[in-house]
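Chain naming follows the written order as A, B and C, and within any one chain the residues start at number 1.
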Amino acid sequence: METSYGRLRRLARLAPAVGLLLLLGCAENYPQTTLNPRGDFARMVDHLFRTTVWWAAVVFVLVEGALVIAIFKFRGRQNDPEPRQTHGNTTLEIVWTIIPSLILVAIAIPTVETIFKTSDYARGGVVESGVVGHLWWWEFRYPKLGVVTANEMHVPVGRTVNLRMTTGDVLHSFWVPQFAAKRDVFPGKHNPLWFKAEVTGTFPGQCAEFCGEQHARMGFNVISETPEQFAAWAAGQRIGSPMVNGGRVEADTTLPADPAARAAKLAADSVEKAGQALFLAGGCIGCHAMAGTPTAGVTLMKGPNLTHIAGRSTRVAGMLVNTPENIRKWLSNPDSVKKGTLMVLPRRLTDPEIATLVAYLRSHR
Amino acid sequence: MAASVLDHAPAAHAPAKTGVWSWITTVDHKRIGILYGATAFVFFLLGGLEALIMRVQLMKPDNTLVSAETFNSLFTMHGTTMIFLGVMPLSAMFFNYFIPLQIGARDVAFPRLNAFSYWVFLLGGLFINASFLINAAPNAGWFGYANLTENTYSPGLNTDFWVLGLQILGIASMAAAINFFVTIVNLRAPGMKMLRMPMFVWMSFITQTLLLLAFPVITVALVFLMMDRHFGTHFFIPAGGGDPVLWQHLFWIFGHPEVYILILPSFGIVSEVLPVFSRKPLFGYTAMVFSGAFIAFLGFGVWSHHMFSTGMGPFADSFFALSTMLIAVPTGVKIFNWLGTLWGGSLQLRTPLYFAIGMVAQFIVGGLSGVMHAVPPADLQQTDTYFVVAHFHYVLFGGAIFGLTAGAYYWFPKMSGRMLNETLGKLHFWMMFLGFNITFFPMHFLGLNGMPRRVYTYPAGLNSEFWNRVETYGALLLGASFLVFLWNLWATLRKPANAPADPWRGATLEWLIPSPPQEFNFGEVPPVNSSTPAWDLRRARGGPLPEPGHVSGAGIHLPRPSYWPAVTAIGVLGVIGSILLTHAVPHSYAITLTGTAILFYGVYRWAFEPAF
Amino acid sequence: MSQAAAIAHPPHDVPEHPTATGIDSRKVAIWALIGSECLFFASLISTYLVYKGKSLIGPLPHAESQCVLHGKLQTCEGVFEIPLVTAGTAVLLFSSFFVVLALYGAQKGNRKMLIGWLTGTVLSGMFFVGMQVYEFTHFYHKGMGYGTNLFSSTFFTLTGFHGSHVTVGVIWLATLLVLAIRGKLPPGKSLNLELAALYWHFVDVVWIVIFPTVYLLR
């Protein structure tokens, strides 16, 4: 006989399937989802997760189902006779201690395996990368490639990237869900993390350890690209990098013969000169390293290295798209864009000054 | 009439019974319980308001309802308030009112110490919230991770308020823990062996033990932090050789037992309500006692599961993963025994049962997401996201708050002599149940889809808007459910106090005395031969017991009311609170000295005042 | 209600109720407090051990090191003076013995024994605290401030809290001594001394852990 609770039981069985469907089906639309692993580390983690979800769903259906059944089946009235006064059942106690323990053992074994696989640095044929958390932006370095950059981490698809991570101030947590799980960063120590991107594309990440006022605005992007694109990017980033020749770049003083090119070069030189002057006078070198200025060779400054700023697709830790208008907005009043930012200008910049700086920064690809 | 073991020679005296002064000097556990409950409920509503503001801020991406700093203070104070000023003192309301009644005692072991605990709690709660008045509310999260909380990165008074406020509240908790520990060990009625105590008393006993062992650790951590901030040390400052991860270890060695402190009393309440409303005994009483004790014991061995993303290394990660999974076993045992209690019973579908079942159903969800967190590599995608926010709200709200609400409906007639309206109670339940699940279930999705926690806003491109908006509507429904409860309270308190002693057919001793009880609780304590003494009497009689009348209290000694506990509490506030001012106000040591003097004088007069 | 039928009655301390364990509630309370305090000191001692050997600069407990004295970096010796502390330790240990004898005197109504040995306990406690004050001052003059390095911070916090617990004990025992001298500590009230003695023994046991861990372990 199909009682009301029988129907309920069938419905209850559907619930986890529906739930999982909801989760999985929508994953495509969520750029920062953990449910669509694109890297080997994330894939391992995801497999473990789905194992636990499966077991949880089974337990949920059985236990909640029993609860719902009990509510309906044993509904009583005020004057009903006293039910049988059972005190317990030792066999049941043993059974419902052993069965959950076995389920947990089934989860524990792959768990420990995965822990050991993912704890330490990866070995062999890896791209070495350093990550430094700051208030409130991310710095990325590639010591063997001589690259220092911020906000965007380029990686070659199909090769394992080793991250050696620390922070310059408080605790942060590096998290790019589609490639890897997260790991916190501590001052004075280095934490390991590695992943291998399996597809190309741009993947957002965010800081995942509360670090003060603008913790919510401490994003970054991981750009996974072909090995050729990656090599080209790294080569470009090396020019003026503080890790290469102290950031010194031989100035190209030759003038091309072609008049149009000559004019362009003269114009570019004047932009560079004016920009540099303002970069110094406006106090930017207090926090930013920039090729062609005295801070060219300095690492670990409060603000990101701006030598190749124009090549980045976003600014301000992923908050703003890198357009001239946004640079202008940021430079005219950083605090109004990201309240509490440590970028405190010594004085307000005039509009012409901002225009000069915008041109200067945009020329630094 | 057999003489009660609690009788003494000649009579009691007649102190003031009404008016503010009678409340300030009261040492009666029932009154102190009501003070705790009323105060805690107000703080709970405040914490709820803080949550609602956050939810409205998060309704839209890039929203500007509140600033980042305000939001950070809101989530810090919401967590701190709900834990220390909400759930813990709400549990304390029940400890105070019902532990003595359930064990057949006249009061707790140290009635003045009991009053002291309340006053320190009140002053501590006011102190930490006073920070809002000077725009210096704590803002580094309820677990205040170093080195963000160091002076360099948190220069204002915010963190000082937090540190000192928690120290003050810790004193209240410690004093109460000693009190209830001794009360349960020593003041049980004859015949009430440990394994005949009501489950609420058992879970409370285990909770007090946890309090005694866990709070000292956070006290030490907070001392270290304060020393770092103002006295030149480097306990958590790397530049001086310190390690911020030490803070996390110390904090969570306290913090994990703390969550069992938060949930065990509610477990106890559910274990009271389910048998009464199923009309059969608790299934597996002994298993329930030992699983509770085992959970508490194991609870000291799982703390680093809050630290899986810190890179502790594979051996530490594995150990804590396994210990955390292990703790799921006794927890499961409890849930199955509750099921066993309901199964085969005659379920009386009244409001207390609704909330108790709601607690069990929701705790199962929270427990399952907890097992997911126990897997370190998977936890790396879940920790510090909305997934863990969902988890702990399912266990703390869906579990602890629902359990406490069940207790409120169950015991309200005993405390006030009035029955709460059943229809409004069920309306409250459905609104709270729906509101709660609509608010918190989608957080699992948000977390898995990449939304970190403690963010004052989120960008539009991550597709988080839909669920955030749904959650805000849920939160508003949840808030509204408390308005129903308040309405019920108000309407009920206006009715005459004529509720019967035993409206629910209860099993334990408190149902054998009038509602509300007389000041001395029992004229004479009935015999206790099992864990269900009231049912035994009913069975022996073959039917309902006669309504207990008021008995003469002649010959019963009651502890004297006293204001020294309140004075001493003021001294505590003066000493600890004044440390706040050390760097802000010149010559503030004068306040510290005054506070110390008040403290010493209060203790001295208290010690030499006769207890009766 | 009973109060309506109340007869005015002078305030008093009642004799002990029979308790479920047969032990006075105040004694159980002291044991609960002691259990809690064990965790308190365990946290402090653990932190000391975790940071042992991790100081970035001197002075150090046993070994020579570089430290800053009068604004200049120079070589400093290890700061501990073991003989002094060992003397203080011995005195503290003996004081536990003295309080046992004082308690025996209290329980037997032997006024001389009670007052004599209790005085000895109080003086021993004061000697110990005095030794620590001297030690701390000495360290300060050797360039060891509270925040100087991890050793100084953990050492001063741990031993400072222990010392303050000893001080509380001394005040408590001294108060009881005054009461005893005034004849207000008869055998019927000897529990008051027993409670203080329990606390005192605990404070001693903590020192028995601290002394080898901090002073002797290298």
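One rule holds for everything that comes next: a residue touches a chain if its C-beta (ideal position, glycine included) is under 8 Å from a C-beta of that chain, and two chains touch if they have at least 3 such contacts.
These figures come from a predicted structure and were not determined experimentally.
Chains that count as touching both subunit B and subunit C, per the definition above, do not exist in this structure.
Distance between Cα centroids is largest for the pairing of subunit B with A.
Averaged C-alpha coordinates give centres for subunit B and subunit C that are 33 Å from one another.
Measuring from the averaged C-alpha position of subunit A to that of subunit B gives a distance of 37 Å. Mean C-alpha positions place subunit A and subunit C at a centre distance of 52 Å. Of all residues in subunit B, none touches two or more other chains. Residue numbers of subunit C whose C-beta contacts span two or more other chains: none are found. Of all the residues in subunit B, the ones that touch subunit C in their complex are 5-6, 8, 10-15, 17, 109-110, 174, 177-179, 181-182, 185-188, 192, 212-217, 219-221, 223-224, 227, 231-235, 240-242, 246, 250, 253, 518-520, 550, 552-554, 556-558, 560, 609-612. Within the complex formed with subunit B, the residues of subunit C that make contact are 1-3, 5-9, 11-14, 17-21, 23, 25, 28-29, 32-33, 35-37, 39-40, 43-44, 47, 50-51, 54-56, 145-147, 149-150, 153-154, 157.
Interface of subunit A with subunit B (complex): residues 22-23, 26-27, 29-35, 42, 44-46, 48-49, 52-53, 55-56, 59-60, 63-64, 66-67, 70-71, 74-78, 80-89, 92-93, 96-97, 100-101, 104, 107-108, 111-112, 114-116, 118-120, 135, 169-171, 173, 175, 177, 181-184, 186-189, 191-192, 204, 206-216, 219, 318-319, 339-340. Residues 67-69, 72, 140-141, 145, 147-148, 153-154, 238-239, 243-245, 278-281, 283-287, 309-311, 313-314, 317-318, 321-322, 325-326, 328-329, 332-333, 335-337, 339-340, 342-349, 357, 360-361, 364-365, 368-369, 371-372, 375-378, 380-385, 445, 448-459, 461-463 of subunit B touch subunit A in their complex.
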